[in-house]
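I've put the structures underneath this note.
Next come two complexes built around chain A: one with chain B, the other with chain C.
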Partner chain A sequence: MEQTVVKIENLVKRYNDLIALDHLDLTIKEGEVYGLLGPNGSGKTTTMNCLLSLLTFDKGNIEIFGKPMSPTAYDIKKDIGVIMQNVAVYDELTVRENIDYFCGLYIRDKQERRRCVDEAIEFVGLEDFTKFYPKKLSGGLLRRLNIACGIAHKPKLILLDEPTVAVDPQSRNKILEGILQLNKNGATIIYTSHYMEEVEQICTRIAIMDKGRKIAEGTKDELKHMVKNTDTITVEMNDLPDSVLGQLKEMPHVYSVTYEDGKLVAACSGGKHNLIRILEVLQKNDLSFGRVYSEQPTLNDVFLEITGKALRDKED
Partner chain B sequence: MQVFKLFMKILKKKLLLSAACVASFLALCIITTVTNSSEKTFTDTKIDICIFDEDNTPESQALVDYIAARHNIKEIENDRQAITDALFYSRIDYALTINKGYAQKLADGETEGMFTDRHLSESYGTAYMNNFLEEYVSCINTCIAGGESLASAIDTTGKVLSEGTDVVMISKPQGSGLSDGNGYFRYLAYFMPAVMISSLSPVLMTLNKSEVRFRTNCSTIRPVSAAFQIFAGSTVFVASVWLLFITAGVFLKGEFYSGNDWWCVLNSLLFSVISALIALLVAMLMPKSDMLMLVANVICLGMSFLCGVFVPMELLSDSVKRAGQFLPAYWYTMVNEMINGTAVFDKIKLVSYIGIEAAFVAAFAAVALLLFKLKFSSVRQS
Partner chain C sequence: MFTNDYKYTLLSTLRNKRLIGWLMIFPIVLSILFKVTFSGIYDKQVSFDPVPAAIVEDEPNEAFSSVIDSVSKGENRLLDVTYTNEEEALELLDKGDVFGVIYTSDIKLTVNGTGIEQTILKSFTDRYLVTEKLLNETAAKHPEKLPDVIASMSEDITVIEQDRLSQGNPDVYITYMYNLIAMVAVCSSVTGLSTVTETQADFSALGARKCISPTPKLINILAVLCSSWTVTAVCMMISVTFLAFVLKINFGTRLPLVYLGALMGGMTGVSMGFTIGSLVKGSYEKKNTAAMIVSLFFSFMSGLMLGDMKYIVQDHIPWFNLINPAAVISDSFYFLNIDEGYERFISRLIIMVIMIIVFTLTGFIFTRRKRYASI
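And now, the complex of A and B:
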């Protein structure tokens, strides 16, 4: 049976009148890559800070590795690694010195530390940059250094708070691959992000948060099954008479049809062969069409349907 | 000792500015020690003068004697070219000719046309000599107006004007210690905070960067242990800088400290601690290091001007002194002045001034602890 690594029960955190965490319950099992997904201000980072005992909370319990977490729970802290959104390294130290320093906060033995530092450098691929100062590194390399500083002591639980913000796609993929590798090596991962694609890509289980509450939890497939929308069909066409639009709306499993800017968009709920049936209606009415595509619901659709708002702004 | 080692590594990177401060201070002290050593008492200025007595009377001879007693008489040929050359090559400052009829004019109370003078420009020496002659003639005229004969008036004038004025130096240094006028310990009140703010503050600011502090707080190192290691690093730095100053002082003085010098040493140690605490407060209150040098200048220069470091305490107005009393450098300077003899030495007062400095240490440390608790506690309320 998988061991519970993190257990949060009934967690409440208030900032005066604002409720940052509203009776939050989370259970994370060993070996999971657990995603905390939510828009800015949904309580992800507050959850992380409470989890690390860096922030006091008003109510609830937090257990890590089966023991209550507290600011002085150093036996728990030694097995936790933290990688934050902002790069947390010293500009005055070289790459190697930085990793060695942060690793040294956990491991006192020099030889063991040297081995851990070497492995961390190799893991993030910074072998050629060990004597570089952070200011000389590119954004992607800096993120890798940030990760190396957080994992060098070989933690069993790794918390990553939006580690790919403002990172180019190539470096982002490299970082995500690294996270999966850490998970394969045995670490349990808690990953917060508002990038749903990333969460879908790497997380085995996902909790969607909004206004300090967990509004949904499950695997990505389980979450997608929670919503009415099963697939969205888009057909590019020059003209669509109102009568045909009416026919489409009458079809079974089609619960929403719109025609705008030469695009027919039909949202379907359940059923099979929805695409074929829609195309049959169009052919029957002698309507020509261009590109046709069908999309599965995304986590954004899940979030949209549950909360009535998008998970993140388009410009993000 | 991971944090201690980190402290030292970061300090090493920030030492350049500090080294520049220390070097400039020591250079300044060496220069002032070398140049100020002979100017410790007041003496009348004497100018080099040549006199041509064309009147050749007892009255004119009396004037020549009077001038000779106070200035350096030089023999120059009474030739226009010779006098011009002597003035040009600074062999003389002033060439005076006592014109024929000087005694008669003196008896008649006339002042015009008595002398012909030659000099290169309107120099300090020229003005001094003109004033000297004017005072002499004026005094004789006053005596004659009072009913004295010319011979008696000349005698009286000679006696009256020979009475000198007692001059007491405002900062009269006593002894040869570094507490004296060369200002070694006095200028420390400017340089020590400058060194601390330029070196210690950036290190503490780097260590307190929120991102890295967050990561440190997540680790297994105890906050008390981390704070202790930072404290140990700061102590090593402050002690090193202080010892450097004290050792350099021994070399500048040419002998080891003795007697009252030890009060200065103790005073400087206390002020070094105060400077370190000021640097700590600056590091805690400054959001970014960009403005650090500006803040350092405002604090160091402001405190120095208000507390008699650059301008002697005697020359400061009462309102400035009152304002200065709220600053530690004021009490540091007061202690130094008492030790170097500018102020009356009073051991009870001396100890109380040092006590006030110790109170500043306690107050700054309390504020620093409070700020630390509010801003840098490992567990935040919000």
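And now, the complex of A and C:
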């Protein structure tokens, strides 16, 4: 049976009048890649900081590896790796020295540490940059160094707080692949992001957060089943008479149809062959059309459905 | 864990060019400037020329005359005196033939300007006035001991001369160098700020990363503090070495103690910075500004910028000179400079040790918090 690695119960964190975490419950099992998804200010980072005992909280319990977490729970901390949102390295130390320094906060034995550092360098692909100072690294390489510093000691639980912010697509893919590899190697991952594509791509289970509350939780598919929308069909066409628009609205399983800027957008809920049926209506009315495509619902749709606002309202 | 922590924070601090520049280049450059500016004065000092002075005997004062005689005779005499009337004395003063006019009636000194010679004359008359009171009291209460007191007084005044001649230390030039070392020591408080900025989760991502590691916070703080102490100590040693062996500043036979004073001073400055950093909330710039303001305030109050300030403080709030790190550091050098013995120097070292302990404990108390209300 999978062990519970993280258990958060009824967590409340207030900043004066602002409730940052509102009776939050989370349970994360061993081997999961657990995503915390939410817009900026939803409480993801606060959750992480409370989990790490960096922040005080007003109410609730936090257990990691079945033991209560506290600032002096060194036996728990030694098995946790953290990759912060902000790069946390010494500018005056080289890549290798930085990794060795942070690894040294966890591992005393020099030989073991050397091996861990070598493996971390190889893991993030910084072999050619070991003598570089952080200022000489590109944004993507710097993020990789940040990751290496957080995982060199081979933690069992890894917390990643928006590790791909301001990273180029190539480095982003490399980072995401690395996270999956860490998970394959046995680490449980908690991944926070407001990039839903990333969360969809790597997380086995996802919690969607808003205003300090967990508003939904489940696998990617489970979450998508929560929304009425099953597919969104878009047809590019020059003209659409109101009569045809009316016919489309009357179709079964189509619950919303709009025509704007030369695009017919039909949101469907359930049913099969919706695309073919819509095209049949257009053909019957002798209307020509251009590009046609159908999209599956995204986590943004889930968020929109639950909160009435887009997940990426405040996208940076 | 401590060794690794210490090693890398030390390496990181040593590679911080801005910090090293401030701690090492600044005193070296400033000492060169001092050397260039004051070298003329220094040459005068080391040539041991007696100070020309006019003596106006407006009233007979045998005791004073005998003292004047004792310091204006011999090969290494302190004063080169001319006995004359007031009018001629003032004329000599105007012409620059003498640096001061001393009236025997009330041991009043008139000078026409400021400089080393005027300072020597002032020191001489001040010393005499202090001793004169003792003379009068002895004459009234124990007349039989009067010859001994006069002999002792003559010895005292000869000490001024001997100090100047043999150790060559009470000169203003050397004092400037000591003040420079003291000021650098106090200003190294900026180095102590890193003890806070690198270990506090609510201040930097670096601090947060350390706080979530299994290394106890106390060890993290101690490692950064020790590395700051080490770097400052090294910089202070290099500065003193530069002064002694490159600029050939004559620290006499007490150079090892100058090193010790500089080392302790640097540690005091760093510890003070640790406390300031832990007490002042906000950004690094805010902490840095506070450290500089406090350092400069202490330096000012100890006379490192305005020579008389220390004496003004000594007259009005003497206790302040004992709690002002800059005053304690500069005093340690001053006493090392002028005292034959080591008592006052050691007392200042002890005060520095107490300050280091108090500052460090205060810093620990205010940074020991392990969880934060906000980050």
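Methods note: the second predicted complex is superposed on the first by the 312 of 316 C-alpha atoms of A that agree within 3 Å, B and C clash if a C-alpha of one lies under 4 Å from a C-alpha of the other, contacts with A are read in each partner's own complex, and residues count from 1 in each chain.
What we mean here is this: a contact is a pair of C-beta atoms (placed from the backbone, for glycine too) under 8 Å apart; a residue touches a chain by one contact, two chains touch by 3 or more.
Since we're looking at a predicted model, the values are computed, not measured.
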| item | value |
| --- | --- |
| Joint occupancy of chain A by chain B and chain C, clash or fit | clash |
| Which of chain B and chain C A:232 touches, first, second, both or neither | neither |
| Touched partner set for A:88, first chain B, second chain C, both or neither | both |
| Touching partner for A:298 - first (chain B), second (chain C), both, neither | neither |
| Contacts of A:55 with chain B and chain C, given as first, second, both or neither | both |
| Touching both chain C and chain B, counted on chain A across the two superposed complexes | 15, 49, 52-56, 71-72, 74, 77-78, 80, 82, 84, 86-93, 97, 101-102, 104-106, 149-150 |
| Contact footprint of chain A on chain C as seen in their complex | 1, 4-5, 8, 11-13, 15-16, 201, 204-206, 208-217, 370-375 |
| Residue numbers on chain B that touch chain A, as the complex places them | 2, 5-6, 9-10, 13-14, 206, 209, 211-212, 214-222, 378-382 |
| Chain C-touching residues of chain A, taken from the complex the two chains share | 15, 49, 52-56, 71-72, 74-75, 77-78, 80, 82, 84-93, 97, 100-102, 104-106, 108, 149-150 |
| Sites on chain A touched by chain B in the complex | 15, 49, 52-56, 71-72, 74, 77-78, 80, 82, 84, 86-93, 97, 101-102, 104-106, 149-150 |
